[in-house]
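Next up: the structures, one after another.
The same subunit A turns up in both complexes below, where it pairs with subunit B and then with subunit C.
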Partner chain A sequence: MRYLSWAYLLALFAFILLPVVTLVIFSFQDGRLPVPPFKGATLDWYREILTDRALMEALANSLIVALLSALVALTLGFLAASGLARVALPGSVVMRGLLIAPMTVSYLIIALGLLQMFNKVGIRPSLLATGIGHVVINLPLCFAILYAAIGEHQKSALKAARDLGAKEWQVLWFVAAPMLTPALAAAFFLAFTFSWDEFIIAFLLTRFDVTLPVEIWSMLRSGLSPATNAVGSLVFLVSVIVVVALELTLFRKGSK
Partner chain B sequence: MVAPALLWTLAFFVVPFAAMVMMSLAHMEGRDIVQGHDLGNYLKIFTDPSLRRGIFVSLEITVVVTLISVLLAWPLAWIIATRVPPRWRRMALLLAVLPFWTSYVVRSYSWALVLGERGVVMNALVGLGLLAEPVQIMATRAATVIGFVHFFVMLLTLTIYSNLIQLSPNYARAAEDLGASRWQVIRLVILPLTLPGVMTGAFLTFVLCIGDYITPQILGGNNELSLPQLIMLQLGRRGDFPMASALSVVLMVIVTLAYAGCARWLKMERL
Partner chain C sequence: MTADVHIKAVEHRFKAFTALHRVDLQIGAGEFIVLLGPSGCGKTTLLSIIGGFLTPSEGQVLIGGRDMTHVAPKDRPTTTMFQDYALFPHMSLRDNVGFGLRMRGVGRAARNAKALEMLEMVGLADKAGRRPHELSGGQRQRVALARALAVEPDVLLLDEPLGALDLKLRRQMQEELKAIQRRVGTTFVHVTHDQEEAMAIADRIVVMNHGRVEHCGSPEEVYLRPRTMFSADFMGETNRVPVTPSGGGVSSPLGPLAIAPAEGMLCLRPENIGLAEGFSLGRATLVEAAFYGSYHRCHFRPLAAPDMLLTAHLPQGAHPGLGDEVELFGRNPAVLASEAA
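Moving on, here comes the complex of A and B:
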């Protein structure tokens, strides 16, 4: 049983890590194809992609869209969660349901709906359109995380602040936000990552200025290339750094 | 305070969705969209062999992927939660889901790299003499399934693991004291208690898998089209928004039915 467990663990780890390890190794391939045999290491492909203007612009676009859409989703989600936690209104179950609803719908469907509506009202495919779509998919997430984080203890603190005469914005800024910092950080981080990595909405709702996943997608059409490996490896490296940093700081206290 | 979020959801989710349902009742005349109120598109989906095939292809792939992923992920989560020493546990979990955090498009590309005719896997199999010559996996359903299973094993490991570590060890101890074998403890005690984690993960797998365009497009190719690929095809080649919308509504109905099917096990907030 014991050896079987370790063998299973190793086999699954090999399966899970195989594509990523292959990706990274062949990003250093000194040759035109990222497949065996490995012909020796070079950094040429990294040099090539770091000086590729279209790619770097897409990277900047992705950062801007992810940052802004995550901030908007976080703000709207925070306001909604604080509002719904304040009093139990008769319609609050319906409102909660409505806010969560986009979570159960495929991104493709959300993208298609937005594309049609934007066509009709004359909003051109753009980074703005993509950002709006990303807020739609991330708002339910931010709302759910923050709403779950407001327990009885937080509710009474908010009520106490109001009873003591704090204005509503003061309650939110000086009481709610500091109390909910870990949840706010987690929600922001998740929303940022989802937007950063999102493909189908960005694919349908951008045209000239594209985000990084869309740019990578168009690189794929020219077949396998170590340059694509290099981009993928860099994106992977950034995600790993962020996840490990969060693991070491934010989630360490909360973990069991 | 709830108003901004509600307005946003109404304007950019409910309204577009309603517009899409309306659009599904329209049809194409030449290159123009003619608004109508007929179910012609839906009728066509269920009579046209290539469209109907897409629904079955998607359902088959999704069911197979969900089953394989659960079967692979459960033992992995269990080993990490119970067999790995506590101080290495977080580390093992982090490692097991590391590629989960990389770009989705890049992950599919990596599999194309690995599974290709000249890729690492074929090289190894031919090199070891297990295969006389490379077998084509790329651009087949097998490639799509492998790519999907890779992603969803990680997702399910997360949901099942977080379920497992919340279980008190007393359940297993009590069962052992009462004479259950180790296998009986797992099968009759632990397994049923992890049903919420399994079902939550399986539902997420189902929803994300059936709605995904990237993996079947990169790995499965164009030999056999899934529902999302058909939707994109309507948009791209013909600008047939009405048919794309009708297919999306069908996709939506399938997801809703799946939700209804496992709703009683879904306890999202516990994870």
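Moving on, here comes the complex of A and C:
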């Protein structure tokens, strides 16, 4: 039984990680095609993509969009969560439901809706439009994480702060935000990665300046190349860094 | 530093439930008032109304003569010490205590000095740099007190602050609270359901039940001369004997008693029944006795009314043997109009 469960664990990890491992290995392929056999290692493809202007611009765009949209989603989610946690308004259940609802809608539908709406109000497909789209998908996530993190303990500390003379912005800045740091970090990193990886909304809402996933897609149209593997590996590396940062900030706090 | 509080005909309703029925209460400046009652009696609602966390459905709250009914908590001259302490976990004790001053725009040096002075008062000055999670429950309690007093409120509101502490620590904190209140002179309004705690610390006790004030008076008055059956029972154990006037005294199931003529229920505390002194309660048999350390708790069956049991607390070493027949005497009689209770 013992060996069987170890075997199962290994099979499971292989299933999950093999595609990524293959991707990374063949990004070093010394040849024209990222398929077996492996002909030897080279860093040529990395040199090629790192000197590719369009690709590097897309990478920078992705970083900016992910960073700003995550910050906006986090701020809005934080304000909504602390507001709804503070007072019981008539219909606050409905309001919570409405805030979380976009999570259940597919990105494609959201993207189509935004595309039509932006057309009407005259916002051209651009990084700004994509950023707004990413706020739309990440706000429910940030709200849900933060709302769940505000317990009785937090509520009563917030009440004490008001009692001691704090204005509402001071309550949020000096007490609520520091007390919710782990949840804020979790929400921010998740929102960041979701925006960083997101393709459908970015594809439909960008035109000249594109984000990295859209650029990779256009590379793929011209056929497989170890260069796309190299880009994929870099994207994967960024995601890994974010996840490790998340582990370090959150699970450190949790174990204390 | 201190102010009187005037509650004028305050009524509060939560949807269909009326938590407070036209409560009137005058609290003097510098008084230590305890709101006492069972859970659901409206004491916490009343405290929240004084603190500004609730706006009463009707009536007015005046603090220091100014109408505060619709003023937000942050703009009232009150601070609250919460049941769960509500300390800020991410701040040192110094910053916790100095928080209220910081919100009032006091500079860092001045507020740190004040915070240290307050921590000194509660005996925690050496821990100013620590975080709340490094402290014990009793110490957190003291920090909460220091934090609430650092802004020099006119009125300090205490919401069952000692509820989470063990008995010994609670007794010790009661004494400290009382001493600190004398020192700072601030009006304290303290909520509890523990009548011993109320008697230990209060200048005046407000006994509440079902959203009404049952009795308001000094601990002695409330305990020895209760105005209602509810406050008589809530403040401690009582023996009840129905009485009716007859001649110069009263008649009762125990026979004629030599007390002022009155109609109602005679209430006698167990420690006010003894073997000598006072008015005779007639002869009775000891049916059960237990030693409680500072007294013997004895149950007597009166000869005149064998279906009744009188509970008496007799001094150490001074109780008759089981089955012995003795004459009982009562002191400090209180006759209350009987009610359906």
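Throughout what follows, the second predicted complex is superposed on the first by the 249 of 256 C-alpha atoms of A that agree within 3 Å, B and C clash if a C-alpha of one lies under 4 Å from a C-alpha of the other, contacts with A are read in each partner's own complex, and residues count from 1 in each chain.
To be clear about the criterion, contacts are C-beta pairs under 8 Å (C-beta built on N, C-alpha and C of every residue); 3 or more make two chains touch, one makes a residue touch a chain.
None of the values given here were measured: they were computed from a predicted structure.
When subunit B and subunit C are set side by side, the one touching more residues of subunit A is B. In the superposed model, A:A166 makes contact with subunit C only, not with subunit B.
Looking at the shared chain after the overlay, A:P102 reaches subunit B, while subunit C stays out of its contact range.
Of the two partner chains, subunit C is the only one that A:A157 touches; subunit B does not reach it.
Contacts of A:L50 after superposition on the shared chain: neither subunit B nor subunit C is touched.
In the overlay built on the shared chain, the residue A:L190 is in contact with neither subunit B nor subunit C. Once chain A of one complex is fitted onto chain A of the other, the partner contacts of A:P178 are limited to subunit C, with no touch recorded for subunit B. In the superposed pair of complexes, A:K120 makes contact with subunit B only, with no contact to subunit C.
Those residues of subunit C whose C-beta lies close enough to touch subunit A in the complex are 51, 53, 72-75, 78-80, 82, 84, 86-91, 99-100, 102-104, 147-148, 151.
Residues of subunit A touching subunit C in their complex: 152-153, 156-157, 159-167, 170, 174-175, 178-179, 181. By the touch criterion stated above, subunit A contacts subunit B in their complex at residues 1-2, 5-6, 8-9, 12-13, 15-20, 22-23, 26, 33-36, 76-77, 79-80, 82-84, 86, 95, 98-99, 101-102, 104-110, 112-114, 116-117, 120, 132-133, 135-136, 139, 143-144, 148, 168, 193, 197, 199-200, 204, 212-213, 216-217, 220, 224, 228-229, 231-232, 235-236, 239-240, 242-244, 247, 255-256. Put simply, subunit B touches subunit A in their complex at residues 1-2, 4-6, 8-10, 12-17, 19-20, 23, 72, 75-76, 79-80, 83-84, 90, 92, 94-99, 101-107, 109-114, 116, 118-120, 123, 150, 153-154, 165, 182, 207-208, 210-214, 218, 228, 231-232, 235, 241, 244-245, 248, 251-252, 255-256, 259, 268-269.
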